[in-house]
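See below for the structure under consideration.
A, B and C are the chain letters, set down in written order, and residue numbers restart from 1 in every chain.
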Amino acid sequence: MKKTREHESTRGIWVFGDYRNYFQNRVTLQLIAKAKELAEKLATEVTVLVLGDQVHQFAMEYAAHGADVVMAVEHPALKTYQVETYARVVARLVEQWKPHVFLAGATAFGREFFPRLAKRLRTGLSADCVSLEVDPEHGWLIQTTPSFGGELLADVITPDHRPQMATVHPGMFKERVHDKRAVSRIVYPEVQVEADERVQLVRSKPEQAHKGNLEDAPVVVVGGRGLGSRENFRLLFELAECLGGEVGATRPAVMAGWAKEDRLLGQTGKNVKPKLLITVGTSGAVQYTTGIQGAETIIAVNRDPNAPIFQIADLGLVGEGRSILSLLLEKLRRRL
Amino acid sequence: MNLEPTMKQSVIRRSVRRFAEEKIALLAAAMDAKAEFPRALAGEMASLDYFGLEIPKEHGGAGLDTVSAAMVIEELSRVSGAVGLCVSVHNSVAASPVHEFGNAHQRKVFLEPMARGEKIGTFCLTEPNAGSDASAIETTAVKTGDGYLLNGNKIFVTNGGVSGMNLVFALNRPAEERKRYSVFIVESERAGLEKGPVEDLMGMRGNPVCPLVFHDCYVPSENRLGEEGQGLKIALASLSGGRIGIGAQALGIAQASLDVSGKYARERYQFGRPLCAFGGVQGLLADMAVRIEASRLLVYRAASMRHQGLPHTKESAMGKLFASETAVHAARTGLQIHGGYGYTKAYPIERYYRDAKVCEIYEGTSEIQRMVIARSLLAEKGKS
Amino acid sequence: MNIVVCIKQVPDAPTIRMDRERMTIIREGVESIINPLDAVALDAALTLKRKQGSRVTVLTMGPPQSEEALREALAAGADQAVLVTDPRFAGADTLATSHALARAVSRLEPFPDLILCGKQSIDSDTGHVGPQIAEELDLPQVCGATEIHLEEGSLMVKQVSDGFLNSLRVSLPALVTVSSDLSSPGYLSLGEIESAFSGRQILRWGLDDLQLRESEVGFEGSATRVLRLYRPPPKRKGEILNGPSPEIVERLIKKLESLSIIDEEDAGA
């Protein structure tokens, strides 16, 4: 294990610029804003690292959103985000420039790429942080990371290794307003780039909305054992259609055959963070609720007023799932 | 004296619990309501070796020890008493006797299909005039050429509605001075075997209990289990093992009652507090828990003794007696904790209450168990 | 083909208890299970075994009771089980854990063609160990696979990542982490459990067997430290509506309007 680094010689907060599409880009902008706040406390600058084939427009955008420095590497081999290729290049840059802190969004790519990079650099990394702070006295980045599906939080530090790395949960911070007049330096470092040929992307297509992309749906309606039957469960599909959302299910509902496995939410299924989640006939077992805790608003329907699901709901309705759903559908249809 | 489960038993318990919670739990209420036993479920359980628990591998079973087998029954019963009953009876009073008393041919032809779950087994003992008094049976087995003709009525045959293999306890004819009994293995397809309508029971409704009528039912000699006249010995031996299974079954129902009651007591609020905050309710839960622990120790001790080949008549009777009375107590107490809601079918506790009662009756009533225990005590030298 | 499946034994408790002094989770008295996504990875490996006759080795790092997870894996059909265990491995973060595991993989004869693990564990939730093993062993990686199959000596992997459905061709040897969509593990048969516990050997490797130094593993070998462990503050204080369905459904509709999920009803409609 490498010896303790001389961390007096590291400086700067780096943010990995993920610009692939709207969603990832927003995360980058959120991180830049937070990095600026942390950088002020550490009396240092924020550098956004952008890799790709043609990245000028993104560099400008990051500059306008608060980056002090944008470090851009343009090379055809970097056109597609590829874990091994990126890890090699970025590791070289880090070893050259020695940043103090390095942040990335906890996108699927970030969560695959950053651990590989951290291992290459033999430094510490925390995952999917919900909060970041600094301790200026020690120069520590205090990383708040969830475990047990969010039941516990840990404040983690990387005292002796650099850079201090973290992936950050999307939506935790507010991006800065676009400022056309913001000034920043754009740097094009000299660095060796070679593609790793061992993984070939044969085909890539966007996930179709109609294929039930739960994780991106703004509204998710979920059904559990309490709905009682396949016919009742079907009401959820109707409601989802009305509200422009998708349908999720708990394990008992999947086991009963009312919904396919790809709709499963929870510990062994998907995590969703929609704007609105309506959960019907689910008692609120932890194995399920870890999958929905991130929703902005949770509305629960259950005939048992003491069901634990009401502990995590913003609004609860006590009543029979089927009758409430039928009534709701009836009223919504009258309006449309 | 190590009372903790082994790592293997921990894995077994957890695997069966997962299967039960994922595959049986959603069916349990419907099975009870419609009084139906789902064939598909039996097939799945067969593929996991649930129908050959203690039968050695070379005969298609899982080769488990008695304690592990009892755990399987407990976990199944915790989710559905009817399923636990099916598996328990099949294993302990149908498959096990054939393994213990059968010859090589019988093991191959009768035991192996049972161990693989291809045929579900029954033990036909009880008759309209013979319940606790098993010796009063009137079903006869008349020696005819190379076989026997069976005539009689067997009632309350657990698993009867879906069985493929039936062990029949019959009186040998021609009569001699002292009554002689034999046990015959009768395949359900045999001519002269007719199954009556499934009983409309208070509980265990998912188990197809029905009468079996034998009318000049011919079975070849090779279907006779053990020697002529060994019937009573075989019956008593299988009941002894069966008691452990029923004890485990009752334990499962009791544990389920405690699980749901504890959950309810935490979630139900009255007078601004959860029920579990009240001393009275705490006392009820504590009583349930203590009795269940005691039942568990008695049942598993009997299982352990059986596995070691030690005599265990008294211990298995104690386990069955105490666990069955605990199941009834736990289900009743649990229902009380649930209050009005417990009296509705929206909660499973009323089904546990209905299922539990029969545990005090079949495979030897509690009164019979007490006699067995007393006799065993009195027979021990040096004890009064 | 030789496949190694890395599994982790995790607590099955829905409610967690903490050791506030050592900033760790209390594991005694809590039932342990194979991390659900690792069980999916194992199932995928066993499917490949059934289809192409691969040999499956299951590997875990943990305290002695992790043996239970390995026995379960053997009962499911794994051919060989390795327990990497040593008190000095305790307190490891993902950096140190991946180091010990990578070393164990290198010690296997022959070196595997494919390493499978779950995308993340239900306790630490990081998803780091797979990629970090891949980095140490210089293997290509794909995370969150929803489908895998072999095609002419390469591995074809489907992945859902950041809104894209990707099909990738990976040259072997490689490491793949799996998502729950990949497969649904079945149930263990009792006979297989019985066999897994009688007469099956488990290889046990400690610090010295893996020729590691104390400074490279465990607490000492970790780069991150936990300052404190705590429960998040409850963030929702919900309103519960009781009453006749038509009334409460009206209230629900008002809520949907306030969230702009549906448009407010025109006064004249």
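Basically, contacts are C-beta pairs under 8 Å (C-beta built on N, C-alpha and C of every residue); 3 or more make two chains touch, one makes a residue touch a chain.
All figures in this text were calculated on a predicted structure; none of them were measured in a lab.
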If we define chain centres by averaging CA atoms, which chain lands farthest from chain A? Would you check? B
Relative to the centroid of every protein C-alpha atom displayed, which chain's own C-alpha centroid is closest? C
Expressed in whole Å, how far the mean CA point of chain A lies from that of chain C is 19
Between chain A and chain B, centroid-to-centroid distance (C-alpha), Å: 53
I'd like the Å distance between the centres of chain B and chain C, where a centre is the mean of that chain's Cα atoms. 39
Residues of chain C touching 2+ other chains? none
For chain A, give me the residues that contact two or more of the other chains. 305
Can you pull out the residues of chain B that are in contact with at least two other chains? 23
For a test of understanding, state which residues of chain B touch chain A in their complex under the given definition. 22-23, 25-26, 267-269, 274, 346
Give the list of chain A residues in touch with chain B in this complex. 225, 251-252, 255-256, 303-308
Chain A partner, complex, touching residues on chain C are 14-16, 18, 23, 25, 36-37, 93-96, 98-99, 122-132, 134-136, 140-144, 156, 160-171, 174, 180-181, 184, 213, 215-216, 220-232, 234, 236, 238-242, 245-246, 248-253, 255-256, 259, 261-263, 265, 269
Chain A contacts chain C in the complex at 1, 20-21, 23-24, 83-84, 87, 107-109, 111-113, 115-116, 118-120, 122-128, 142, 145-161, 196-207, 213, 216, 219, 243-244, 261-262, 264, 267-270, 275-276, 285-287, 297-300, 305, 310-320, 323-324, 327-328, 331-332, 335
Can you list the residues on chain B that touch chain C in the complex? 7-8, 10-12, 14-16, 18-19, 23, 47-50, 52-53, 57, 61-64, 68, 72
